[in-house]
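Labels A, B and C are assigned to the chains in the order they are written; within every chain, residues are numbered from 1.
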Amino acid sequence: MTAARLLLTFVGLAWLALILLLPLLAIFAQALAKGWGAYIAAVTSSEALDAIRLTLLSALIAVPANLVFGLAAAWAITKFEFRGRTLLLALIDLPFSVSPVIGGLVFVLLYGAHGWLGPWLAAHDVQIIFAKPGIVLATIFVTLPFVVRELVPLMQVQTTAREEAAFSLGASGWQIFRHVTLPNVRWALLYGLILCTARAMGEFGAASVVAGSIRGRTVTLPLHVEIVFNEYDAVAAFACATLLTITALVTLVLKTVLDARERRTAHVELASGQLITAATPAGSRA
Amino acid sequence: MSIAIEDVSKHFGAFAALDRVRLHVASGELLALLGPSGSGKTTLLRILAGLERPDADGGRVRMHGTDVTGATPAERRVGLVFQHYALFEHLTVAGNVAFGLRMRRGRARVPRREIDARVQRLLDLVQLSPLADRYPSQLSGGQRQRVGLARALAIEPRVLLLDEPFGALDAQVRRDLRRWLKELHAELGITSVFVTHDQEEALELATRVVVMHQGRVQQVGTPAEVYEQPANAFVYEFLGSSNVIDGRASDRVLHIDGARYPLDVAASGDVRTFVRPHDLEIVPEANGGSTFPVRVRDVQLVGPTARVLVEREVGGGVIEAHLTRAELAGLSLREGLRVHARARSFKVYAGGIQP
Amino acid sequence: MAMSNNARARILPGFGPTLGLTLAWLGFVVLIPVASLLLKGLAIGPAEFWSAVSGPRAVASYRVTLSSALAAATVNGVAGLLVAWMLVRWPFPGRRIVDALIDLPFALPAAVGGIALTAVFGPNGWIGSLAYPLGLRTAYSRIGLLLAMTFVGLPYVVRSVQPVLEDLDPEIEEAAFALGATRWQSFAHAVLPILTPALLSGFALALARGIGEYGAVIFISGNLPLETEVTSLVVTIKLDQYDYAGAAAVAIVMLAVALLLLLAVNLLQGRSRAYQAA
């Protein structure tokens, strides 16, 4: 039995090393293959800096927008009962369940030159597709569910009694949210924001569809990685990839820290439920 | 502060949680809403609190003569106490009590010094001053519920509403807190309504008891009235243990296994007779026309009381009699012994029992 | 009994504004754009829709995508169960780091994952340079596709099974063991049935992710038409050829498959919770 356990542990770890650890190490090895000088040059090239700027810009717009959306949606969904709640949750989850390519395509079909609003936009000299607004829209689309998904399961398990108590004590809606609800979900909210940010900065499929292939205008960091990689500039590609990888590793560390903090409250694992498990009534998980 | 509930109805989908409830709460009362789960008592309390609205054409709620049906809890100035306390876990005891005052803005803003002073007074009142800086998670259940009460009282409510306030507590703590709440109510004189499913709690604590069932008020009265004069079979059965004995009624006489009792209600045919176990007498010999034969099945001694289970020889079925130890000593009962039973007092309800 | 167990207050403030904001934003970001996709795809009429979604390249891509995603999800089902079991039941040094690392494919941008896999499994990569001489083409092939889909799907099974396993009382196996079952029997008959709903739901999630994956796949699959071209890529190719209606039609097929899987996962998670609640 001990032998079997040792063997299986070894097999499991070897598998994880092959599929997770080696690719992770390869990123850094490739990035530094030609030394630190080449690395620094690659991440500070003007194209890379442009890409970093656009990536940060789209995250800076998408994350606060989806934060406000997430808070409002979680409040409406968990504190009130109304017809179509389950459907609403499914729709909020939609960006998670479809290919990111579709997330880009829908905006091309709506705002692109041949899209429904394309002629009108062209007449008013507004460009969305193959331009920065398109990147931002695609980023908002793919990151829409993150905050809601972290908040809803948690807020659903907590009853509304505390909010009702605060309401009876004369607190306004904002005061109830700010002083009663928020302190109970702050770690989940923070976690949702971290995931949302990481995803906003790393989005590739949707961004690549709306960005088109015009270099320099609409290139985010992941798109820049793709471009230089296809130009066989491996060091530059992996150097820029390390920036995104470090962001991902920081996300994982923060997740571990927040998980430990939240172990007691009903926390939902990172990837366990693609879906918000909101169809169930509060308290049924006990 | 008096409260008038006028024909209040509340439906959840097709389910009628409240069906045209009329009720008057007098100023300074300590009123119990008593009933099994699903009887509508919690819904009624939530409507009083302003946390739930009656159906669109479902009646009015008035406080001190003013229609408050559409008013928020804060506008009604009601203090709420919750079964599971609903304390703000991230605030200290003092922070919880101060919450309502701190939330006041603009002209209603309360100066910090005054908040502190009032919190101190309330903590003294609920005997929690030494724990002012603790967090709710560091308190016992009884202490938490006292914080909940102090928090509700801090806004100087006109009415105090308590939802199963002792429901989450141990038996001993429950009894202590019950007594304490009664004293507190006597001291403050604030109009209070509490929900409970525990008849003992309602009878011990309340000045008046409202018994509810299936969204309707079954009876309103003092604890003595509802216990001694239950208005119907449901109230009878809900307010204490009872034997149900089937008999026949004709010409204002009740027949049970050959025994005859005079009836004061007009009933005929098969009737169900309700007898409390302590109203069932056990005698060694048949006596006049009011005893019926039974066989002893079991005798259990529970503290000062003897519970005697007997089976009716004619009609069948086991019924229970509660005897004092002295009564038991004079009988020398043993299993299988044939004795006779007599109902000292009983109830027969015309129209039968509601399901 | 309690004042607010399930009966949610309808009275708390803020319902109108928050729901209004939610619907407006959802409409702007998701509903109207997705509706424009549906309109575009369906406006061309059934005949043209059918020819767009049943072209040889599209059909080949369904076959490749679906079979690779199924294979990857199966690999992840077995490996994920083993890893979850290790993490919960067999403490080993560095367990917390491994646990944290499981989510890497979720946190790492797909494109970065794609080039990293290429660096490891490509012809000059650490593993590729060992495998190619043995005739094992680990990149620019179906194997590469499988590796990429396995990589992105890895967290799902582990994270689905792990919480169930954590809640599972070891006494269940001990009881079965005490009744004379072998280790394997007690696992297969006492534990596996309890894990099955979570395992299946993790499998379905990994499958959905594999089917929709784009970034991680395109670098290592070689993108050979009819052979290793995934459906997401077919959509972008049609788009590059200005075949908007065709792209929309294929995208609608992907959307329908994703929604079906979503439904399956919802049902499975319902069952999984029923177990956990028991």
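The definition used in the following text is that a residue touches a chain if its C-beta (ideal position, glycine included) is under 8 Å from a C-beta of that chain, and two chains touch if they have at least 3 such contacts.
Given the structure is predicted, the values throughout are model-derived calculations rather than measurements.
**Q** What chain pair shows the greatest number of contacts?
**A** The chain pair with the largest number of C-beta contacts is A-C.
**Q** Need the most distant chain from chain A, centre defined as the mean of C-alpha atoms.
**A** B
**Q** Please report how many Å separate the Cα centroid of chain A from that of chain B, as a whole number.
**A** Distance between chain centres, rounded to whole Å: 53 Å.
**Q** Based only on mean CA positions, could you tell me how far chain B sits from chain C in angstrom?
**A** Roughly 54 Å separates the two chain centres.
**Q** So, what's the distance in Å between the C-alpha centres of chain C and chain A?
**A** Centre separation, chain A to chain C: 16 Å.
**Q** At which residue positions does chain A touch at least two other chains?
**A** Each of 159, 161, 164, 167, 172 in chain A touches at least two other chains.
**Q** What are the residues of chain B that contact at least two other chains?
**A** In chain B, residues 50-51, 72-73, 80, 82, 84, 86 touch at least two other chains, as defined above.
**Q** Could you list which residues of chain C touch at least two other chains?
**A** Answer for chain C, listing residues that touch two or more other chains: 2-4, 9-11.
**Q** What part of chain C is in contact with chain A in the complex they form?
**A** Within the complex, chain C touches chain A at residues 2-6, 8-15, 17-19, 21-23, 25-26, 29-34, 36-37, 39-40, 79, 82-83, 86, 90, 92, 96, 98-113, 115-117, 119-120, 125-127, 147, 150-151, 154-156, 159-160, 162-163, 183, 202, 205, 208, 211-215, 219, 231-233, 235-236, 239, 242, 244, 247-248, 251, 254-255, 258-259, 261-262, 265-266, 269-270, 273, 276-277.
**Q** What residues on chain B touch chain C, complex-wise?
**A** Residues 12, 37, 42, 45-46, 50-53, 72-73, 80, 82-84, 86, 163-164, 167, 197 of chain B touch chain C in their complex.
**Q** Using the touch definition up top, name the residues of chain C that touch chain B in the complex.
**A** Counting only chain C, the residues touching chain B are 1-4, 7, 9-11.
**Q** Would you mind writing out the residues of chain B in touch with chain A in their complex?
**A** 49-51, 72-74, 78-80, 82, 84, 86-90, 99-100, 103-105, 151-152, 154-155
**Q** Enumerate the contact residues on chain A facing chain B in the complex.
**A** Those residues of chain A that touch chain B are 159, 161-162, 164-172, 175, 179-180, 183-184.
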